[in-house]
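Can you keep this structure in mind? I'll have questions shortly.
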Amino acid sequence: MAFILAAKHGEMQNSVISIATGQGDLTIGEGSCTIIAGPCAVESREAYLEIALLLKDTGVHILRGGAYKPRTSPYSFAGLGLEGLKILAEARELTGLPVVTEVLDPRDLDNVACYSDMVQVGSRNMQNFTLLREVGRCRRPVVLKRGLASTIEEWLLAAEYILDAGNEQVILCERGIRTFEQMTRNTVDIGAVALIKELSHLPVLVDPSHATGRRSLVAPVARAAIAAGADGLMIEVHQRPDEALSDGAQSLTPEGFEALAHDIGRLARLSGKEFI
Amino acid sequence: MAFILAAKHGEMQNSVISIATGQGDLTIGEGSCTIIAGPCAVESREAYLEIALLLKDTGVHILRGGAYKPRTSPYSFAGLGLEGLKILAEARELTGLPVVTEVLDPRDLDNVACYSDMVQVGSRNMQNFTLLREVGRCRRPVVLKRGLASTIEEWLLAAEYILDAGNEQVILCERGIRTFEQMTRNTVDIGAVALIKELSHLPVLVDPSHATGRRSLVAPVARAAIAAGADGLMIEVHQRPDEALSDGAQSLTPEGFEALAHDIGRLARLSGKEFI
Amino acid sequence: MAFILAAKHGEMQNSVISIATGQGDLTIGEGSCTIIAGPCAVESREAYLEIALLLKDTGVHILRGGAYKPRTSPYSFAGLGLEGLKILAEARELTGLPVVTEVLDPRDLDNVACYSDMVQVGSRNMQNFTLLREVGRCRRPVVLKRGLASTIEEWLLAAEYILDAGNEQVILCERGIRTFEQMTRNTVDIGAVALIKELSHLPVLVDPSHATGRRSLVAPVARAAIAAGADGLMIEVHQRPDEALSDGAQSLTPEGFEALAHDIGRLARLSGKEFI
Amino acid sequence: MAFILAAKHGEMQNSVISIATGQGDLTIGEGSCTIIAGPCAVESREAYLEIALLLKDTGVHILRGGAYKPRTSPYSFAGLGLEGLKILAEARELTGLPVVTEVLDPRDLDNVACYSDMVQVGSRNMQNFTLLREVGRCRRPVVLKRGLASTIEEWLLAAEYILDAGNEQVILCERGIRTFEQMTRNTVDIGAVALIKELSHLPVLVDPSHATGRRSLVAPVARAAIAAGADGLMIEVHQRPDEALSDGAQSLTPEGFEALAHDIGRLARLSGKEFI
């Protein structure tokens, strides 16, 4: 294995990443089960604050929402940019929950790091080495999604770029790989989750929404992730999924999310994990 | 969808398959969690009876063991054939547990159906339509493994062949698909398990041993399978994995299996399933 | 590498396989460029004899046509069986061209070998080891198609089964592998063709019809195959593609085939190959 | 299809891209066969000028060499950066040949466009939409490599980003996709080359070096590409492949390259293409 800083050596302890919140520190990793939830994109101030409040007491630990959206077509909605970042910051004030959002361009990183608590590198940028080195220099925890066709080793080496640049707060996120199967959007690699826990000390989340692309599969795959040892989940929730500007088909409603969070809590406790 | 008999229509009930045992009927499907376990191959009478007795009271419901082994190379151990079938029957007598074994050649089917309680069609034969039609004419429940590169639709259409030929006792088994990832032997498609439960009334098992090829991943992936809604598991167990003629690297020891079966029982009960 | 009989050792010569025809021996392999053509299935006596005569003087060396068809769905046309074999034999009489057809069931092999000049093992049966051993015992050349998700090594090991059983007349056929790309039916692995010529002494053909699933791509991929070193082609041709019972979308018309055969002849001669 | 500017509509003509050179304009696309060659990376001034001179009269049309290298591991040689760009410019002066090099970071684009004649977006950045928009604003032709796991549609949509931003000089380059096969580095999708010629007016090249990762396969796959209709090739050549800092195993020697270029010329002329 060519990764060193991302590797678990002997009996070393798993990394725990802390995020300061209004209610004290939130920890991700060893012994915790962390749920990130929210809509795919920040679509408007009203809509985002509405969903943030709806999610507030349903079991979510961190809010998500894209201000800069990587879109396959140049003609699709690409996010509100800086305005979206400010809405995220406002939602944090309103709810007391930390927020995470994706960065696409190294030139936007200062703003992203300023307005959010955690920075996400998406799957299409997992091998954007320029961006990896930049987030490696920032002070925010980084959620590093696995590339669509990236091996486990390449994924850990991408984490190594960030660690090597000085940022120890790396959280991995499995979000499905691309295979021949077309009935689901991607194929979640549940074995990779378990293998990462062996090979690395870094926390690993699972995103069942992008991985499956089907609302009805989000809950069973989320449960599977926790049962396999994942340290948490990243889940898309929208108050009106049918009107979502992106990813509506895979978004839960707030009610669906609350029921899932309850199930996840039971499973996490069965595995001896804390779930507040 | 081109499958009809395998499809779940409206509110129809899920299929339940019964196997008569010395201790009464064993049911597979809706509401049950069934564990099939045993070595990859029946290697000798002594070895097989030994592992059968070791497994007897550890949570296993059905014993497995290959008498006819599909092997990538013509120079590998291909099983004991008819002698292996007789050993399986002897193990059944000894333990009171039903046995399942794979059939490769339609000309062996009468013997396989005579000596075992359940017939397995392996992943390499999932589209061996000759064999599918033959097992469709036999009176035994059939475990139909998903092909390495078969879509969910092709898998259900393979089941349709068996159902259409008159055998309603089909049990699906996800065993990993082939992807670019090489750190695990295959990639278990956990989303497919959940999707099958939507699309079809047939029970679905997961084989985490073949899917991962790594002993350490068997337990987490097994737990994930049950959490995702699988109706049971098929697990390789060997009393001396390092001496196994095939698949030693992915075989649990009887002790490892017993611990896993205990975990699975807790998970199954959490999901409201019966696990005896 | 675990294959021995299929391997090219040092400076050994490539295998050449001969088929007796009314016009003398036809050779496949080293120095030749062989084209197999015909419809996917033998649909009726009239239709098959018609296409056979239409193809007679267009550059085809061997006629193809399926009497036993492996079909994903049990409800699709599965071929005429023994009647189809007899039609193939009649077409051979009529045209003087040898014929090749697929065998699915070991119990049909005697008939298939009796009525045809060459036996085909299809991609779904590449690891049907029972069938491989049987065709290894017959006296006919065998076209062994690569499995949809089979590695080059597994493919050569499948050939090894046939060689090890005593049949030295094995011809490989690349027909596309299954990948994430869905705009073409499969992805023809052109590098595998070149690699096989390094690793093995066996002839290798390419089937651009099944590989691409699109008529317009058959000619460019066929040319690519010959340029990469393939020893020949297997091409689907139908006199009325839009009425074909299977694979119409990828079938050439006889006119399209004749133009392609002309191009292939020029390319083959440019590579120093004989093309009669 | 969601791409508009990249699509071929009706009988529209294919795009031809011109690059001014000391010897007049070089054209890429319709009717031409263009070869880009050179080492993977600019390793030093001496080494690069040496290989540039060795290649000068061997059939190459454009020199390549990486100044910024995307590397899986943060510990691998990542290129000489600006110094590398200056060496490329010096090689252009010395040989009269245009040069192409990859850009990774939007902040380096001005320099890359200043020192080179053509800009490359690598496969790992095919969906780096920030970078795509930036190269869309520059005045240089852009070689857009297909992502490792990108569909043909996603690839054309990535081209659409560049076209939509105002740069019409886009050249596609197939460089192999990621599949289960591990004997070759990637699987070159030869059918995609032919399909792109149907769907789009943009020129398409093939890179057989990265696609196969094996020196011995470069020539056969290069020939296949031209036979399938590709408008040119991108080939790695190193004067001492065994000492290369990257990709030595797939690099041709200058002698090997010259022999290949000769073959390619014959094939191109057979297809009615100009090859000077």
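Per-chain numbering from 1; labels A, B, C and D assigned in written order.
Here is the rule we go by: contacts are C-beta pairs under 8 Å (C-beta built on N, C-alpha and C of every residue); 3 or more make two chains touch, one makes a residue touch a chain.
Every value quoted in this text rests on a predicted model; they were computed, and no experiment measured them.
Here chain B and chain C face each other with the same set of residues for the most part; over half of the interface numbers are shared between them.
When you average the Cα atoms of each chain and compare centres, the chain farthest from chain C turns out to be A. Centre-to-centre spacing of chain B and chain C amounts to 35 Å, using the average Cα coordinate of each chain. For this pair, chain A with chain C, the centres built from the Cα atoms lie 49 Å apart. Residue positions 149, 178-180, 182 of chain C each touch two or more of the other chains. Those residues of chain B that touch chain A in the complex are listed here as 149, 151-153, 177, 179-184, 187-195, 197-198, 211-212, 214, 216-217, 220-221, 223-229, 266-267, 270. Residues of chain C touching chain B in their complex: 2-3, 70-75, 78, 104-107, 124-125, 127-130, 133, 147-149, 154, 157, 160-161, 164-165, 178.
Within the complex formed with chain D, the chain B residues making contact are 149, 178-180, 182.
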